[in-house]
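Both of the next two complexes hold subunit A, though its partner changes from subunit B to subunit C.
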Partner chain A sequence: MAFFSLYKKELRESGFAALILTLLTLAFHFFLYTRITAHNYQFIIGSVLAPFFIFPIYFLAIGYRTFSQEWNDRTIYLLKSLPRRGYTIILAKFLAAATYLLLLIILAGTTTWQIVMRTLVDFGPVMPVDLTGTSIINIVFLTLAGYLWFNLFLYFMAQIACLVSRVYDRFRWLITIIVFYLSAYISLRIAGVLAELFNWMPGLTFQISGIGGAEEFTTLITIGSNSFLSLTLVILGFIIGAGLLLEKVLEV
Partner chain B sequence: MLSRKRVITIIIILLLVFVYIDARLITDDQGMAGLFNVDVSYSGNVDWSSGEDYQYRSEVSGEETYDRDDLTSLRVANSFGEVDIIGESRDDIRIDYRIEIKAATEEILERTIDQVALELNHSNQELGVLTAKPDNRDRMNIATYLTIRAPEELAVELNSRFDDIRIENIASQVVIDSSYGDVELLNITGPLEIESSFSNYEINGIQEMITGRFSYTDIVIDQLSSDLELDLQFSDLDLYLANGPDAWSYDLSTNFGAINSRYDFQLTEDGTRIDYYYSREGQPLIRIDGRFTDITIH
Partner chain C sequence: MELKETFKPIVKVNSVSKKYGRTIALQDAEMEFPEGELTALIGPNGSGKSTLLKILVGLTYADSGNAEVLGLEPGIQLKDKVAFLPEIDHFYKWMKIEQIIDFHRSQFSNFNYDKAVELTGEMNLKTDSKITSLSKGMRGRLKLVLTLARDVALYIMDEPLSGLDPQSKGYILEILNSEFAVGGKSVILSTHEVIESEKFYDYVIMLENGQVRLQGYADALRDEHNLSIQDLTREVFA
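Then we have the complex of A and B:
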């Protein structure tokens, strides 16, 4: 029950920022939708992706803010007094942020799709590459998977940097930046070593084929499933590490 | 006993030292490359002319002669490699072919040489010409160069991708589906149907109706003397009339484009659309519908 209460509280707290981001995204895409002409549609197709570059910044800020706010509002006493393990608190906060991220991706994805489809209908093919349907699904899947992993890493690195900085009374910004850098470097190195241990696992193959320029091409992208497993283990490490830090090290 | 703060400080300092040393020692095959373990393989007839990737090369060439018998049409399908079809006064079909193979390894080359061949299919009074190729064309390029001399009364259907085409002296229907190549059509006295993209067309001396759908293609039609019906997208047209401008009916329209002419055409504009319509009883009709297309009538 405490888990869901915490989840709902986090949704409420970061709801306003998410709402602002949603409205800005909608307004920006509506603006683009009403401005498509024959002279600028290529620029519009490029600009339509801009919100997807803003969302990671939001996720990074949420990752940092989620605990610093607890200290600022002096609610960390309540949080630490909850009869829950540290990792469940981390998970509840993470799930709230992930909920907003998914909603933003779905919303921005839908409006992007509308703009691209309108451009296609009005001005014909806009891509220099003619891809097969399966290839488009594969590209969208790979891009989305990479995008989600990227955001997850940003969130947890910002969160752990914030928690470590709370151990100190001074130079918190410096500590935050150093720990953020260290966690990025070390987590990717550890994931690399773990990937080596699991390289007996099968590869996932994605085929992308079509016609581009004067070429008929097929590209096979094989990604070892060990990469996904090692990244998952590193993220689990983040959750457990942050949980232990919250539970055992940090004082109110 | 060290305080927790001191322990964490020591850990951070040790990690910074580790990162400094590790970053200096790390090699290319460690780190991110090792983590993501991504293998990307690419196949396709890429940059045939440079040929730097595939150094093992060979070719299969020959000549086939086929009796005309009951044949009424010729169908050619080819990807990569030039196609010349020449109509002549003759009773047989002569095909000169050269199949070029490039492969990444000697083994692939040798295996491929045994699997490529010119394939002729005779059915329903039609002769089909195509190249038999292996199903798996990974790490190789195959191009077929064809010169076909055929009776001029044979109808021609050509499906071609990624190279140049030349068809001349055909006295029957010609149907072309092509993309990515330069196309030259000369002295065709039968009707002409074209569907094409990403190409350049030069059409000269056509005596019957020309019907075409073009995208991303530049077209020059010289000595037009018949009906013309074109659907154009991102394609520019230069049209040279065999007779003066008064020998034609016109139904021209382009959206996001221009209609240029040295003649006194009274164009109408509606937003981004420019139209010109003029009907003359019994005269051949030039009907063009374009998007992002400039039409120039000389």
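Then we have the complex of A and C:
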């Protein structure tokens, strides 16, 4: 109940920005959908992915803003007065942001699919290769997984940079930028070390097959599950670290 | 003398020091707050009152020394046992009064929803009002509603009357009177508005430059100095 209430509050807090982004994405895709012609369909297919480059910026901004706004509005007094562990608050904020990210991806993915399908129907193949259904699912899955991890890292790096900068009274922007870069460097180094530690874990193999030119082809892509595990552990480290910072170090 | 012998502290502050940069907020502050009494924490601006209260509820941390509240160190466990009213407005602006009451109910195990609604009516507030539509006085009253709706062993209020209009002060003093006049509840109230709230004081601690200047039971201080607490405050901080 307490956690759900915090989660609901966070959904409401970042809802407006997500709504604006949703409307912009829909408007942009609708615009592209109505402008597909034989002359520009390749350009349209390229442009349709543009929102996916904007979402990380949104996630980065949300990661930073989620706490800076609490300080600016002084609601941090209320947040820190709650009998909740720091990581609970971090998790509620993160889940709210992740909910919006997933909804945005699903929405933008659906509209992208519609545009691509219409292009295929009207103008034939748009790619030099013809992939099987399973291959397309595998490629989408891998791309999505990578995209989600990338966004998660951006979110937590921005959040930790914001929290660390709040420990100091001066040079907050400078500290934010330095911590942001350092957290990227350190977390990826740690992820690398952890991946080495868990390299005994089985790999995940994805088969990509189809017809390219006149020939059939099959390619196997293997990704070690240790990399997923190490990234998960680093994300958990971010949650616990930010939680401790909020609970034990930061003052209002 | 009889009162001193029954003194049972609910809060102990042991040599607490706190600095903000070069500014000293508290310097080896040493004091105890009695259980079941309303203690007034009086002092000029910058005397360290708010810092002390924030340390007691775990919003700020002491550089040295320690505080013990209800036998616990400030932390998560304590936050559910102490109701804190901060001086600043700490509401989410998009919320309505009913939403902020619901939010508090979900977060504090001892939050009495019915009492909150009742107090909201007594304070002449409407539950469907948005926070942004409330005046400073109304927000001050709402803070008091949210604090008093909790059934806890200790209430800590930081300047609940500061900067409020006479009408809001009237509402708040009336509620404080009905809630605490009978006694038995432990309250720490930091204030400048001594003249208006003096009648509620059981115990008084005067703070200046982060150190205790004077402390004792209000009646004993009045008898000893032959002055009201208001006049005594003027004399001590002159």
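Note that the second predicted complex is superposed on the first by the 248 of 252 C-alpha atoms of A that agree within 3 Å, B and C clash if a C-alpha of one lies under 4 Å from a C-alpha of the other, contacts with A are read in each partner's own complex, and residues count from 1 in each chain.
FYI, a residue touches a chain if its C-beta (ideal position, glycine included) is under 8 Å from a C-beta of that chain, and two chains touch if they have at least 3 such contacts.
Not measured: the values here are computed from a predicted model.
Participant: After the alignment on subunit A, I want to confirm one thing: do subunit B and subunit C clash, or do they fit together?
Facilitator: By the criteria stated at the top, subunit C and subunit B fit after superposition, with no clash.
Participant: Identify the partner contact of A:Leu220: answer first if only subunit B is touched, second if only subunit C is, both if each is, neither if none is.
Facilitator: The first partner, subunit B, only.
Participant: Of the partners subunit B and subunit C, which touch A:Glu247 in the superposed model: first, second, both, neither?
Facilitator: So A:Glu247 only meets subunit C here.
Participant: Look at A:Ile57 in the shared chain and tell me whether it touches subunit B only, subunit C only, both, or neither; answer first, second, both or neither.
Facilitator: A:Ile57 sits against neither subunit B nor subunit C.
Participant: In the superposed model, which partner reaches more residues of subunit A, subunit B or subunit C?
Facilitator: Higher number of touched subunit A residues: B.
Participant: After superposition on the shared chain, which partner residues are touched by A:Arg84: those of subunit B (first), subunit C (second), both, or neither?
Facilitator: second
Participant: A:Leu182 contacts which: subunit B (first), subunit C (second), both, neither?
Facilitator: In the superposition, A:Leu182 touches subunit B alone.
Participant: Looking at A:Leu236, would you say it contacts subunit B, subunit C, both, or neither? Reply first, second, both or neither.
Facilitator: neither
Participant: Determine, under the contact definition given at the top, whether A:Arg12 touches first (subunit B), second (subunit C), both, or neither.
Facilitator: After superposition on chain A, A:Arg12 lies in contact with subunit C alone.
Participant: To be precise, I mean the smallest distance between any C-alpha of subunit B and any C-alpha of subunit C in the superposed model; what is it in Å?
Facilitator: 7
Participant: Sort out for me which residues of subunit C touch subunit A in the complex.
Facilitator: Counting only subunit C, the residues touching subunit A are 20-21, 54, 57-61, 76-77, 79-80, 84, 86, 88-94, 102-103, 106-109.
Participant: Give the list of subunit B residues in touch with subunit A in this complex.
Facilitator: Subunit B reaches subunit A through residues 4-5, 8, 12, 15-16, 18-19, 22-23, 30-32, 34-47, 79, 138, 161-162, 179-180, 198, 215, 233-234, 256, 272, 291-292.
Participant: Sort out for me which residues of subunit A touch subunit B in the complex.
Facilitator: Listed in rising order, the residues of subunit A that touch subunit B are 38, 123-125, 164, 167-168, 175, 178-179, 182, 185-186, 188-189, 191-192, 195-196, 199, 203, 211, 213-224, 226-227, 230-231, 249.
Participant: Any idea which subunit A residues touch subunit C in the complex?
Facilitator: Listed in rising order, the residues of subunit A that touch subunit C are 1-2, 4-6, 9, 12-13, 73-78, 80-85, 169, 247, 251-252.
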